[in-house]
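Input: structures, listed below.
Look at the two complexes coming up: chain A is in both, with chain B in one and chain C in the other.
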Partner chain A sequence: MKTFRWSIPLALFIILLAFLWVGLGRDPREVPSPLIGKPAPAFRLAKLHAPGETLSNADLKGKVWLLNVWASWCVSCRVEHPLLVELAKSNIVPVYGLDYKDDPEAGRGWLTKNGDPYTASIVDRDGRVGIDYGVYGVPESFLIDKSGVIRYKQIGPITPEALQEKILPLVRELQR
Partner chain B sequence: MTRLFAAVALALIAALALAGKMDPPAQTGAQLDARLKKLETELRCLVCQNQTLADSNADLADDLRREVRALAVAGKSDDEIRSYLVARYGDFVLYDPPVKPLTWLLWFGPFTLLIGGAAVWWMVLQRRSKMTPKSEPTAEAQSRGRALLDEEND
Partner chain C sequence: MIPELGHFALILALLVAIAQGTLPMAGAALDKPRLMGLARPAARAQFILVAVAFVCLAASFVGNDFSVQNVAANSNSELPLHYRIAATWGSHEGSLLLWVLMLTGWTFAVTFFSRNLPQALLARVISVMGLVSVGFLAFLLFTSNPFDRLIPPAPEGRDLNPLLQDPGMVIHPPMLYMGYVGFSVAFSFAIAALIGGRLDATWARWSRPWTTVAWAFLTIGIALGSGWAYYTLGWGGWWFWDPVENASFMPWLTGTALIHSLAVTEKRGAFKSWTVLLAILAFSLSLLGTFLVRSGVLTSVHAFATDPARGVFILAFLAIVVGGSLALFAWRAGKVGLGGGFDVFSRESALLANNILLIVAMASVLLGTLYPLFLDALNLGKISVGPPYFDAVFYPLLAPAVFLMGIGPIARWSRAPLPELAVRLKWALAVAVVTAVALPFVLGRWTPLVALGLFLALWIVASSAANLWQRLAGSHQRGLMAKLAANSPSYYGMLVAHLGVAVFIVGVTLVKGYEREQDVRMPIGESVAAGGYEFKFLGVTPGPGPNYRAVTGTVEVRKDGRLIETLRPEKRIYNASGQTMTIAAIATELTGDRYVSLGEPLSNDDISGAWGVRIYIKPFVDWIWMGAFLMALGGLFAVSDRRYRLVTKRKVAVAAEPAATVAAAE
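The block that comes next holds the complex of A and B.
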């Protein structure tokens, strides 16, 4: 009974400590998306490099693809951009760009300067498609499977760790 | 105790349900403005996180306000607008999160802690009131104690 008496507050304290510890390590800006496991919201938008042509998510049914939300005004997009260029060169998974709330002219210029990793980029001038995808902080990336379901969302720049440990293994699994 | 807990839970759910039902679906003019104002203060700006959609100057907040207005004008109820945003951004956009298994800790945790604390307090009081001194100190011990106290006072 004696040991039991102090072990309860101690256990409660340890539980509290565990919660606080986990809380410290989490980024409050990363809000889990309710879209994971759900079909990617439908869009049909003009292509950045061919304004006369459109691209729809339905056109990409049957393949695994990465949707990267970017903009020429987005500073942290520069951080992940070399990684995307590398990824595009490896031909593992096609990357499609969503030029979010951007001037198409500026967007094209930015890609010329920094390299264009995108199989195609589409223009979301007023950010409506961004809202459908729950975008709140550019860059964001969505991994979409063959049946058009969102399987993973990266909020903020893709880090080398996230690419190696999460995205690429998942791509391999989904491509099977 | 379980009954009290259930009663509190029921009262909360009822209050929430009522709060959701009372919004008049105004679609035009000053009434719409007032309705949107109220709705926007219940929604969180995803970019600034601790500001409501009504208060935020962020670009996204602007877009979302426009979106909310468009939905309201199209005749959507407040609940429909809320679920439109929740479907895209998750429960985090709501300053008033729904009661569901994932948020039980959030809703009932404080009450559970309060009740638990009261129970511990009650137990301690009970134990204390039962406590009685084992026996009167002997005359010898008393005089020794007095001597010690006097020594201290000198």
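The block that comes next holds the complex of A and C.
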């Protein structure tokens, strides 16, 4: 028993090591969204560049599309924006913008200044659609499949890695 | 050419480290003085080689050599010179090189301050440090070579992370690493002693100054990091219980326990195996901290460079170093004996209780830091553990530990009966209680937590004063100066460090109890009142910086209608990375800070419109860092004690400690 006592620190350490080993294989930044695998919440909102017209998620049934939540007041949106502009040029997947809790005038000005990657942007002035989508920080992006189901959620700016390794492969798979 | 030279020096350093890690160790086992004699020259050669590599990397940064991947990724030609030098350790690769430089630097120092060590012990100590170095050098060369070339070269660098472009960040990592890596000396002494089977008071006396110096550096490093977070993150917080902060705090808590436990081992020959375990633990936690920061297993606002592939390497290294030393501990610790016995009420007991509280506190931090990882590994979901957990667990553990700080120094070794303690401390206790109850009324508002915090701080001050008073009164010297001089520097070091804890507690208590914050939308010309001051926002002006564009806000501060200062908080956008950075404007006084930082522009026109402005009144916040610096100062004071340099003459006398008696009795 007496020798056993001196082995306790070693035993504890081995348990810790096992956990660290498992932990290495996980990505702590991957926050699961309860919305993944669920139908995208319905919306019908005015378009940013054509306030008379509206866009609804039902209009987009049948295609794979990316919903990007942005705002002119959002600083980190500027980080991901060039990537979105490039993505839009490549025509791989249409990007729709949700201008979140923003002044439409400011939003339009921001897109003129920074480039407009969006097939269309819609205005969520009071942030109600944002609530439905569980937006808690801008930017956020949702990949929605042909039947209108959310398949992926990016919290924070889309990074080049996330685009190449997660989003684009998934887009290709869903477009098949 | 220069990068290749650095790379070559690193490869040579690895070869030397392998020799240094094996030959002297073998020499000690086989009793071959010539092999043991290799320890010193090998350690010195290794340090010089690593220093050459480090200088080469720094030269690549200074010369804007963007054909080096590391430079291209972490520097920029617009970056001012001092930050280009600091960028040497701003990246993952560079910071590891700094780590190795520190490690070999500490070994280098050991080769000079070890004249009195028995040759076998020194050979083993230096060998163990060499083996640790082998691991880190291999890690550098095989997974994170800082000298990798980029072909074709980048035309321009991606710039240093703006968060690191700050004077505090220039010295924070070296200080922190000095501390982290410094524990490798105590660790190596412990391992060498376990291998050699000789663990006695002399061993403790040799380990003590190294441990204390490392601890002092770690204290300063943590304080600098905390101060940096305070003025650059823009939220006025000074500690976030972030995994990376915890990674530096755990070795600190363990190191603090180790310092005190070493004192007992040196003075009384007790707690031997516990002390050895702490020495292993302190360095293991430094390694664990490196693993957590560098592997990306935990999310952290600080995770500057993360890479799971590197994680595997560090984990394997951790398994070998920590697993190996704990296995050695399991095998040998039972044989070293426990040392002398002591009464329930004695200085040993007080120190032991304090030690246990510190280690439990450390374990609770470890648990909180790794809990998300545990749950995720067990597929129980992803969560994050925040300040509420740490606040709830940590303060109740540290409050009794701080209370014991008042008793420990005054209690006698071996046996200190309660009635006697009560007599010696009753005035200190009375003064602390009365002042702590009364003071919050004067400061504004009475809350139990403020009173408790103040009590603990005052208790330390009053009991230290009582201790000093009784020592002076009991001294046979004539005259105050002679009486003062009769006490050793390490005694004064202890007093200063404990006083530092008191100052620190005052800062924490008053900031938590009385801080005021206003997070407001401010159009130009608007005023806001906070903490008896009036803050008037006069708008922002844009302006260029060396490698960023800035907007600078102007906020006038008035008290009773009189202008007392103009604060200029900044918001920067860095050219190369496009990242933004908040620089708070802080007016500092001994009694607290006025802190203003710019939030986001809240209108279309950034320049002339309204801004979100954060205004904080932080009473006594600087005492937090003053306290930390006092603690470190106390540590350095203690090390200046002459007895650490008079080892040879006395070592034979102390080495003959009656060791095995208690072990046998158990």
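Rule of thumb we're sticking to: the second predicted complex is superposed on the first by the 145 of 176 C-alpha atoms of A that agree within 3 Å, B and C clash if a C-alpha of one lies under 4 Å from a C-alpha of the other, contacts with A are read in each partner's own complex, and residues count from 1 in each chain.
In this text, a residue touches a chain if its C-beta (ideal position, glycine included) is under 8 Å from a C-beta of that chain, and two chains touch if they have at least 3 such contacts.
Note that the coordinates shown come from a computational prediction; the quantities given were computed from them, not determined experimentally.
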{"item": "Chain B versus chain C as contact partner of A:I131, first or second or both or neither", "value": "first"}
{"item": "Touch count on chain A, higher of chain B and chain C", "value": "C"}
{"item": "Partner chain(s) touched by A:K101 [first = chain B, second = chain C, both, neither]", "value": "first"}
{"item": "Chain B versus chain C as contact partner of A:L35, first or second or both or neither", "value": "first"}
{"item": "Contacts of A:L17 with chain B and chain C, given as first, second, both or neither", "value": "second"}
{"item": "Contact residues of chain A, present in both the chain B and the chain C interface", "value": "28-29, 31-32"}
{"item": "Parts of chain C lying in touch with chain A, wherever the complex brings them together", "value": "273, 277, 280-281, 284, 291, 295-299, 308, 311-312, 315, 318-319, 322-323, 326-327, 329-331, 333-334, 370, 372-374, 376-377, 382, 578-580, 600-602, 604, 666"}
{"item": "Sites on chain B touched by chain A in the complex", "value": "46-47, 49, 59-60, 63-64, 67, 86-92"}
{"item": "Chain B partner contacts - residues on chain A that touch it in the complex", "value": "28-29, 31-35, 101, 126-128, 130-134, 136-137"}
{"item": "Contact footprint of chain C on chain A as seen in their complex", "value": "2-3, 5-7, 9-10, 13-14, 16-17, 19-26, 28-32, 72-73, 75, 78-79, 103, 105-106, 109"}
